[in-house]
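Here the structure is laid out as structure tokens; the discussion comes afterwards.
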Amino acid sequence: GGGSDPYAEEEGGSASGAPSGAVVVGSADFPESTLLGNIYAQALEAEGVTVETRFNIGSREVYYDQIEAGNLTVFPEYNGAILFHLDPDAESADTEATNTALRERLPEGLEILDSSPAQNKDSLTVTRETAERENLRTISDLDAVAGDLVLGGPPEFETRTQGVVGLREEYGLEFADFRSLDVSLVPQALSDGDVQIANLFTTDPAIATNDFVVLEDDRDLFGSQNVTPLVRGDALDDTARAALNAVSAELTTETLTELNRRVSVDHEDPDAVAADWLASVGLA
Amino acid sequence: MNGAPLIDWDWITRNLDDPIGTRLLEHLYLSFAPLLLGLLLALPLGIACARWRPLYPPVFTGVNVLYAIPSIALFFLLLPYTGFSAWTAIIPLGLYTLAILVPNVVSGLAQVPDHVRQAAVAMGFGPLRRLIQVELPVALPVIVAGLRIAAVATISMVSVASLVGIGGLGQLILTEGFRRQFPTPIVVGIVLSVALAFVVDGLLVLAQRALTPWTRDRDPVARARPRTVGAAKGGNA
Amino acid sequence: MNVLLWVTDWLSAPEQWSGTAGIPARFAEHLGYSGLALLLSALIAVPIGLLTGHTGRGGFLAASLANVARALPTIGVLMLVVLAAGIGLVPVMAALVALAVPPILVNTYEGVRGVDPQVRDAARGMGMRGREVLLRVELPVALPLILVGLRTAAIQVVSTATIAAYVGIGGLGRFIVDGQARRQFEMVAGGALLVVVMALLVAALFYLLRRFLVAPGLRRSPGS
Amino acid sequence: MITFEGVTKRYPDGTVAVDELSLELPTGQTTVFVGPSGSGKTTSLRMINRMVEPTSGRIAIDGQDVRDRDPAVLRRSIGYVIQQAGLFPHRTVLDNIATVPLLLGWTRRRARDRARELMEVVGLAPEQAKRYPHQLSGGQQQRVGVARALAADPPVLLMDEPFSAVDPVVRTGLQDELLRLQQELRKTIVFVTHDIDEAVRIGDAVAVFRAGGTLAQFSTPERLLAEPADEFVEEFVGYDRGVRRLSFFPASDLALRGDTVLAAETPSSEASAIARAQGEPWLLAVDAAHRPIGWARALDLDRAAPGSTLGDLATVGYGHVFRVGTDSLRAALDAAVLSPAGRAVGVDEDGKVVGVVAQAELGDALWAVGTDETPPAGAVRP
Amino acid sequence: MITFEGVTKRYPDGTVAVDELSLELPTGQTTVFVGPSGSGKTTSLRMINRMVEPTSGRIAIDGQDVRDRDPAVLRRSIGYVIQQAGLFPHRTVLDNIATVPLLLGWTRRRARDRARELMEVVGLAPEQAKRYPHQLSGGQQQRVGVARALAADPPVLLMDEPFSAVDPVVRTGLQDELLRLQQELRKTIVFVTHDIDEAVRIGDAVAVFRAGGTLAQFSTPERLLAEPADEFVEEFVGYDRGVRRLSFFPASDLALRGDTVLAAETPSSEASAIARAQGEPWLLAVDAAHRPIGWARALDLDRAAPGSTLGDLATVGYGHVFRVGTDSLRAALDAAVLSPAGRAVGVDEDGKVVGVVAQAELGDALWAVGTDETPPAGAVRP
């Protein structure tokens, strides 16, 4: 389940600062974000924090402003992604370096809490069949065959440094064509053979279900994308911070992938999956 | 899909209240507001065009050009200005209704029989009083007919706004369904959207009957069909 | 105003005018999808409209179905068919045809129904058989309204074919969707402008069709 | 009195609809504008209530130039009835009629009471008050139109082809109604039609317009038929005007003879003797109430069986009758032509025979019409 | 000959539109169906070309049951004209007229030639061939409708209120046209109207329908006016039928006197002498071509200045004239009533005076109409 009517109270706007009382947890409009939002909300509630939720808000362009304005106080984010949002020219590196760079660029009032080990990174992924036929394991292995492959991914992948541009510059790869697709269509396009190589997120359950092969990012192009709570510092007390950091500590890429699978493949409700997991790790 | 049934009744019962219910209400609001906005713009515009005929061709072209702009594009283009407020959906959808409502207002007024207008002048009605007490009431059935088409079209178009994250039942379709490769929310979204369109249409018919008692038992066949004027046909873009 | 400037910049960049992702190619794709969808819709809706209008039977059913179709949310249809049939042309056509059939059907039906009963009667009274009445009298007399229906449908299809971009096939929607994803608003606006241009061309085409297909004796009847 | 003084109307497209029209329409009378299509009748009418403004010239009501008055106020004081009645489709019959009173600021209750009163005046049943115009027949709609025009009791009534959209039978009924109303109300009525019969029937005076918006003739209806001013008018009033003109001469001036009218019980022999004495070949048999039974031929009476009565032989029917008090020469002629005896039977209001018109007498009356320049005062209406 | 034998039509909703109708419509003649609205005229007409199928009974054309023929083929052999002409709005006048020939498989050239020919027959200018129906006046549209029905030269013509949508003047013109055409073509025409005047004018025979779809009377127009079968018919044919009936009696039977017709140059004194000799108070002055100049009163001649001529005194005008060869008693009566002398002037085709009808003579003719049961053979048309 998602949040209440997200713009019901918008008009008046409490742009002046943190909302009085409740912590407002948001999420973007893709399943993993909603799942994480649910996990955060429930973990906070378990610690007695009053929580409001505003889930399924559109793209980062939309919700980031809302966090800045103080209408949202806790948001599940990825450290690399916010960094590039704030500074498209930033260098990506490991988790620590990314977080350091990010903290420098975050505006007044916003901060990130502890990053979890769980990463949802961009990847280049192929079917097992292609991997075996062309003998692919790393992105560098594509060198010989890239010219025969059509790459599929969300539209922005074509123009990003952490995308087609970087692949050209870092790896020297030129693909036969780039096909832009809505994120949720990419796995299907790959398995149907509409594209031969795809930009997938590493926690996408479709990777396991379809037995896709994720090629190793041997030159570290995609940087780190650790799940990290983006928060308004003044809205959270120590209890709340501790609760969120506890979640980050427990969350791994494998767990996240499994939880994603339950939401997107088994079509379980995200709030139920969140509750389940929190209980299993003793956080609720 | 994975061979799963098209409809997962379990999901529906679990989510009946939220998000299904909330999205439905949101959808209603997102449809109603553009209609209201459209009507508020179309009435003066249509009245002006009916009175000063040369105004009509450029206005007609204008509203139709607006209508031809893909809604996704308009949503995207408005985003930087209106941001994440309902206006991002309401403004484009409201503008679209003009292509339906303006021609209907004009033709509704044009359809006021000349002898009725003459009679009103001859009885000493001033222009404004004539408009309000005679011409608009007589034009009402045609205007409401346009409103019906616009309502159905708008209700079906609201969903597109989900692509910018403001789409009522479209959210159900996009985030609950499409992004999770889960047909049930999509089917529920479609069915509810159609049902909403029918209910609203029915309510408009009832409203028209209540507002225009003089059209009753006139021509039952004509009443059952919405009237078609110019390019004014529903649909979504 | 600088939006306009960006758009002209974008439009005048030479790289936009060549290649499989250039404007001409996208324009042609868009035109192709729209034309195909309109053709399919016309093949479905015109015969049904003519028949129901001619016989007066099944008209209510056809109109009701058209009403349902009109209320369908296009992206819902699109996404459902994508889940069922995969990406490609099929979901796009399904969504566009569902969109285009109602106006064509309703206008064709109304056009034939609206033929002056006296004229229909005279045709029968002169010894025309059903088919002759339909083809020689009802169809030509209904033609202006049928064209209005086709035009309405065509413009909607052109403007809605942008959704093709969502399911990975081209068309002018690509510019809009990609522009949004990449935060290049001049591309979104440029794409929208191209769609409007195509819609205007379609309107012009229908104006010509009306001039050449509709008997001069009917030109005063409903329509543009 | 409504006065046109050298009134010209040139429309923006150059059409001269009315050309130097000068006319005086007397108060309390019905003046009919008649003429072919496009001859400027409607334009002239509409200049009176300023729905059209003259290009030059002056129109005055009772001496006051209409241009000195606020158009809306002026119009509220002038009733206006048009062809399709111009009823408001969205208002009930009652509310249609109450329109002008409400505009004048009457209370709703008073306006409605007045409307109900007028419904009766124009012959509409009270249960039609709540109907909408489309639920009425054409004739009823016209009645509502007239009632609406009369609602605020305006002294002037403009009627533009008010009855031309209804069928001939209803039309005659509406004309009768209007004549009856006018008898009572004595409004200054300007009535446009292009039907000369209607003009002659309704008008105290008739203005014949010709193409180009000029006046071809302005006179009483009777004079119009008797002396068309020129060939245009003559053609316009049409063939048949001779017989039609007979409508203006009352049958009451005819000398009726009662001596050939006998009770049906009169023995044949006695009747025969009377016929011979009068030199009349036909006798009219009447019943005890003095109502006509039929004509008997004198010849047959002679040959009748003894003991038979006049009634036994009067089988030929009596053709038509005419009402002495109200009918015209035209009706008397009609009755005579249809009578097997070639003689017209005149009856009174109750249908009792007043007498029989001798052929010579009727002939004299007819042939005199051509020479007789003015019809007698109190001429009956057609 | 078209025969109805006990034909009944009951519509699915139970309305009995035509009830046991039996009729014979003679070949080459015009039969008019007349009657109030809803009396089954149209239904009866449409059963002839099977646009409506009878519930029971039999309709035959020249003995052949229409049900034995393919409807489409049957209809192509029967012309059909309806109220608003039912023209095809998308075809030119020429192509409208050519419709049936093309259906019959004629070549386009032949069909068009035929259409052009027919345009002339019905009085349409050739330059209207390329026009579309909406560019024509109502009367012209009706002409196209008639031409279209005649195109394949069908022996039978069905006309359903063909002229009722045009104004009275045009309507009379179209009726004249039809009469002239029929004189030539001698089709079997069935003509529906609810205008009794039109029926009487157009029809060789008139069938009066009454509500419920039964026949009230079937007879010649003259007889219909003379002897309405019952009160319904009498009311339907309307008042005035007496004078109207005069239309069926030719004026040619009137005895004309030439002795009171004198050249205009006749000296007054001479004329006065003649008047005295004839015992006539009025003399008609004619010019050298024997055309009427005006009436002079014998009384005035006596008092005239010496040397003056009849023409100097004949200033009174001569009123109307009637054409001896073609006009009816009705026209003669009209002329007499309008004449200042009370006497009708009869002229020939060229407008030359044939003679003057004495009052007594006209009166006798009029009064005789009531008794005269059958009009003389070759009766003139109204």
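Note that the chains take the letters A, B, C, D and E in the order they are written out, and that residue 1 is the start of every chain.
Convention: a residue touches a chain if its C-beta (ideal position, glycine included) is under 8 Å from a C-beta of that chain, and two chains touch if they have at least 3 such contacts.
Worth saying up front: this structure is predicted, and the values here are computed from it rather than measured.
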Contact-graph separation of chain B and chain C, given in steps at minimum: 1
Listing by label each chain that touches chain C and chain D gives B, E
Angle, in degrees to the nearest 5, of the Cα rotation that carries chain D onto chain E: 180
Let me check something: if the centre of a chain is the mean of its CA atoms, which chain is farthest from chain E? A
Chain whose Cα centroid lies at the greatest distance from that of chain D: A
Which integer distance in Å separates the CA centroid of chain A from that of chain B? 38
Averaging only over C-alpha atoms, locate the centres of chain A and chain E and give their separation in whole Å. 95
Rounded to the nearest Å, the gap between Cα centres of chain A and chain D is 94
For chain B and chain E, what's the span in angstrom between their mean Cα positions? 60
Where in chain D do residues touch two or more other chains at once? none
Among the residues of chain B, which are close enough to touch at least two other chains? 174, 178, 181
Identify all positions of chain A at which a residue touches two or more other chains, and write them in rising order. 61, 182, 188
Identify every two-chain combination in which the chains touch. A-B, A-C, B-C, B-D, C-E, D-E
Would you mind writing out the residues of chain A in touch with chain C in their complex? 61, 152, 154-156, 158-159, 177, 179-182, 185, 188-189, 192, 194
Report the residues of chain B in contact with chain D in the complex, numbered from low to high. 113, 115-116, 118-126, 134, 137-138, 140, 212-214, 217-218
Spell out the part of chain B that touches chain C in their complex, as residue ranges. 1, 64-65, 67-74, 76-77, 80, 152-153, 155-160, 162-163, 169-170, 173-174, 177-178, 181, 183, 186-187, 189-190, 193-194, 197-198, 201, 224-225, 228, 230-237
Quick one: in the complex, what on chain B touches chain A? 2, 4, 8, 11, 14-15, 18-19, 22, 25-26, 79, 83-86, 164-166, 171, 174-176, 178-182, 184
Show which residues of chain C lie in contact with chain E when the two form their complex. 116, 118-119, 121-129, 132, 137, 140-141, 143, 214-218, 220-221
